[in-house]
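You will see two complexes here that share chain A, one where it goes with chain B and one where it goes with chain C.
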Partner chain A sequence: MRTKHVASLTLVVIAASTMGAVPAPEDRAGTISGTVTFTGTPPKMRPIDMAKEPSCAAQHATPVMTENVVTGPGNSVQNVVVYISAGAPPAPAPAEVAHYDQKGCEYIPHILALQAGQPLEIGNSDKTSHNIHPLATVNSEWNKSTPPGSPPIKATWDKPEFIAVKCNVHPWMHGYFAVLPTAHYAVTGNDGTFSLKGLPPGKYTVTAWHEKFGTQSQEITVAGGDVPKVDFVFKALPY
Partner chain B sequence: MGKLFAVIVAVITAISAGVFIARIWWLPPDISVLGAGLDHQLEETMVASGVLFVASQLILALFAWQYADAGDGRPIKIFPGGATPMVVMATILVSVEILVLTLVGTKVWGGIFLSPPDPNALKIDVQAEQFAYYFRYPGPDGALGVAHPELIDAGNGNFYGLDPANDTTARDDIVSASLVVPVNRPVLLSLHAKDVGHAFYVPELRIQQDFVPGLVIPLQFTATQVVKKEIVCTQLCGLGHFNMRAYIDVVPPDQFEQWLKDQAGQ
Partner chain C sequence: MKTRNAPAVLVSGLGLMLMLSGLAPLSAQEALVGGVHGTAAAGKEQYRRYCLGCHGQAGDGNGENAQWIEPKPRDFTTATFKCRSTPTGTLPTDDDLYHSVTRGFVNTNMPPWAPLTRQTRVDLVAYIKSFSTRWKTQGAGTPIAVPAETPATMESILHGRELFQKMECWKCHGPAGHGDGPSASALLDSKDNPIRPYNFSTGSRFKCGETNADIYRIFMTGVDGTPMPSFADNLQPEEAWDLVHFLRTLQPLQTPEATAWHAWLPAHEGELKPIGPDQGGQ
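The block that comes next holds the complex of A and B.
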């Protein structure tokens, strides 16, 4: 599971350690955690035939599978973006660069969650050209060629949006940028779990987004010291 | 200067003819049933045009040598026989030659493009798109599902826009990025393009056919050797054109049946 911390957490720790007994508000910060699962029958993922690009095919001992619906043990769902869609105090975009790679003719990671305004670098680790084409509708759409060995593309998404990404050269390549309005987000791993840390007491809307299953939201109140559990269950269809 | 020109023309002619006679940069070996006819036709064309080419260049060299400017300042006054009858005669000669080649070649061309397909031909639906080919085989039900362009979802592996939720015939369709065919069995391809013009070119099969958006173009061949060769696009179709290719894998019949079963299992 991938979690991003509040940008100011380090400062808070430093402040708390220097100010001794003065309690910082984050001392009472809560964590929202839970699991994303499905009911029903999810679609079967298919092997991707990379025959046309031998340099990519050679990087995979077994065929890469499509990643639209990746499930794990106990009906868990991977690649769900869980984030605070309302209620979180505004946080400036972090200066930390988010990295997205084109490797083995796949997008790594399949879903890159980042904050609106956060710097982004897109690399090409392959020995072939890619042409990355984020299909943005709220932000400005672009597509750029990345020949092998080219320097990373630097980009920024200014507005929150789930942006599908495709490669104009390799039709099977598919991924997402999850551009979020908050610093509190997570992408579920294979066990379907997530945790959103460092939330001061308050009322929040927690939203779970999945590229195939859609979006669900829940209203959650975090009180001091509370660790509310929030589970999301998506309904899966075989086709 | 005129004599030097004559020598250069003669040397260029000899080298050009030599390249063809020695078969440097010749065609790759043919692996198809109809290829032999095409190769024969090509050789006839090469010989007919080659003999004319060599003869005309050598005559040019001869005349350049014979009548090179001697430096005496003579003006050219006459063109023996006048130019018009010679041009007319040359035009008629070349026309007859092209007509004969066309008539002879029609039989070979018709064998590929005009003859009805073999009823036992293996039918494969071929889709060209920027910048890949996809090949669709009917599954165990023997029928292809209907393609709905609005349902195309390449990232989910749905390159044809199939609707397995509502169309049961589409559920077992086999979609491959390689063209796998059994050796010595006639194959009938249906070519269609998803976006722009593309081409299907396999030099070893002696086949080159364009995809035209909006048209479904039949194309038949029979491969005679177990080989793996490249299929390339020869119509400039966009920035990834250089990388648009697939492989044709000609396999023994039992291996083909096994491949179909393996694919259907996925």
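The block that comes next holds the complex of A and C.
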């Protein structure tokens, strides 16, 4: 009787230790993180004169600066879209709605990263009309008026593409839709850092895109757990 | 015809009949306009003769004449077209392309090709579509519904004037429609070429037509590839006709709308709020 108990107890112990040894999926997923910086001298951003649209000029105590090259402390680069361009299985489009706003005659956010097929809503929080004109070439180009108080415009982008957006009424307005093929992406903030979480072990290509500095890619292998930092350095010219 | 080709002829004839009866879908290398069936293969030779000099061998608008003309010839590879009966961002129908080729584009170097036979023009439409793969993947958009025109009463015209103010048409087209609005001078088309808004005071035809229904379609589908957006999401169909009626009053033409407007104006001019900024919160 005792032997049987010991045997079953041993089995239970072995089973328990085996179960404990199998890691949960979250433990096996890796994170690719890093910082984007520049060398050289970036162009100076210039103040935007919104005198032609008094209702927008009134919203800014000091003039808004152009945004095509925004840098931060330690030569960091803001508004860089970092994403997995190869190695990840195609991601189904999320149901979560991405939002883009026209406010103070600016696009908020300046760069909106979203997935191909993800629903997008574009609003107008200003007292003036804007026209939203995404200059798509892979997707279809369209152009719609958004008067103040109108409901948000709904759109979807079928194919991955970096789409420049403009308003023809207010020519200083520039923004981008970064339509990506993957759910693993980040847009750097003022500190230039990014973090791509939840990557199963494998070989990946990480791509960094900046609207002025261009594109760079690196191949990274995720073995499980965190990986060393992956940094991108763009060469900046003052023009 | 040699006898050995007879089966092929029979099959293609049957295919043609099926197509014309609407049972078989058109391929992207074909066009159908008013019962006339065109093919890209036939259009190619005609394109070489009539179109290539401006629109280029590759259909990208870079023909040898392009460097000297303004506005630039259409780039067919992007499949973005100004004059459509279909919503912004969608492809035009074969009829739309046929009308554009036939009518030409006023105030540009694109002449009316009406002197070419109908068959030639439909073949050209089929060939134009071969420059972009979008015709294979997307297909033409669905033409917008244009409801029956409402009467051009003073009430309609005055409401149209309010819409011209509220939709901020004047920001590009100017308060009197002279194409001199505050945003007009900085306008660029989608290829970054300078472009001016339509100037109603010239009374010229529009690039996309000349009737009231054409005006309706222009601002309800937008002029793709240019700064002119679509207002389809912002205007109800009846309101859209009001705007059409008001726009006619900006032109120096003897239209019923303009005649009624100019008869009404002297006694009532002082009642009108001026179009432009400083109107209710702008």
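Everything below uses one rule, namely that the second predicted complex is superposed on the first by the 212 of 239 C-alpha atoms of A that agree within 3 Å, B and C clash if a C-alpha of one lies under 4 Å from a C-alpha of the other, contacts with A are read in each partner's own complex, and residues count from 1 in each chain.
We adopt the following convention: a contact is a pair of C-beta atoms (placed from the backbone, for glycine too) under 8 Å apart; a residue touches a chain by one contact, two chains touch by 3 or more.
Here the structure is a predicted model, which means the values were calculated and not measured.
Superposition of the two structures on chain A leads chain B and chain C into a clash.
By the document's definition of touching, both partners, chain B and chain C, reach A:170.
In the superposed model, A:40 makes contact with neither chain B nor chain C.
In the superposition on chain A, A:55 makes contact with chain C only, not with chain B.
Once the two complexes are overlaid on the shared chain, A:224 sits clear of chain B and of chain C alike.
In the superposition on chain A, A:144 makes contact with chain C only, while chain B stays out of contact range. In the superposition on chain A, contact is made by A:153 with chain C only, not with chain B. In the overlay built on the shared chain, the residue A:129 is in contact with chain B and with chain C. Superposing the two complexes on chain A places one of the chain B stretches 56-64, 128-136 or 146-154 into chain C: stretch 128-136.
Within chain A, the residues touched by chain B in the first complex and by chain C in the second are 52, 128-129, 131, 145, 168-171. For chain A in complex with chain C, the touching residues are 52, 54-55, 127-129, 131-133, 135, 137, 140-147, 150, 153, 168-171. Residues of chain A that touch chain B in their complex: 46-53, 66, 68, 128-129, 131, 145, 164, 166, 168-174, 237-239. In the complex of the two chains, the chain C residues touching chain A come out as 78, 80, 87-90, 134, 138, 166-168, 171-172, 182-183, 186-188, 190, 222, 224-234, 277, 281-282.
Chain contact summary for the complex, chain B toward chain A: residues 129-133, 154-157, 159, 164-165, 176-178, 238-240, 243-247, 266.
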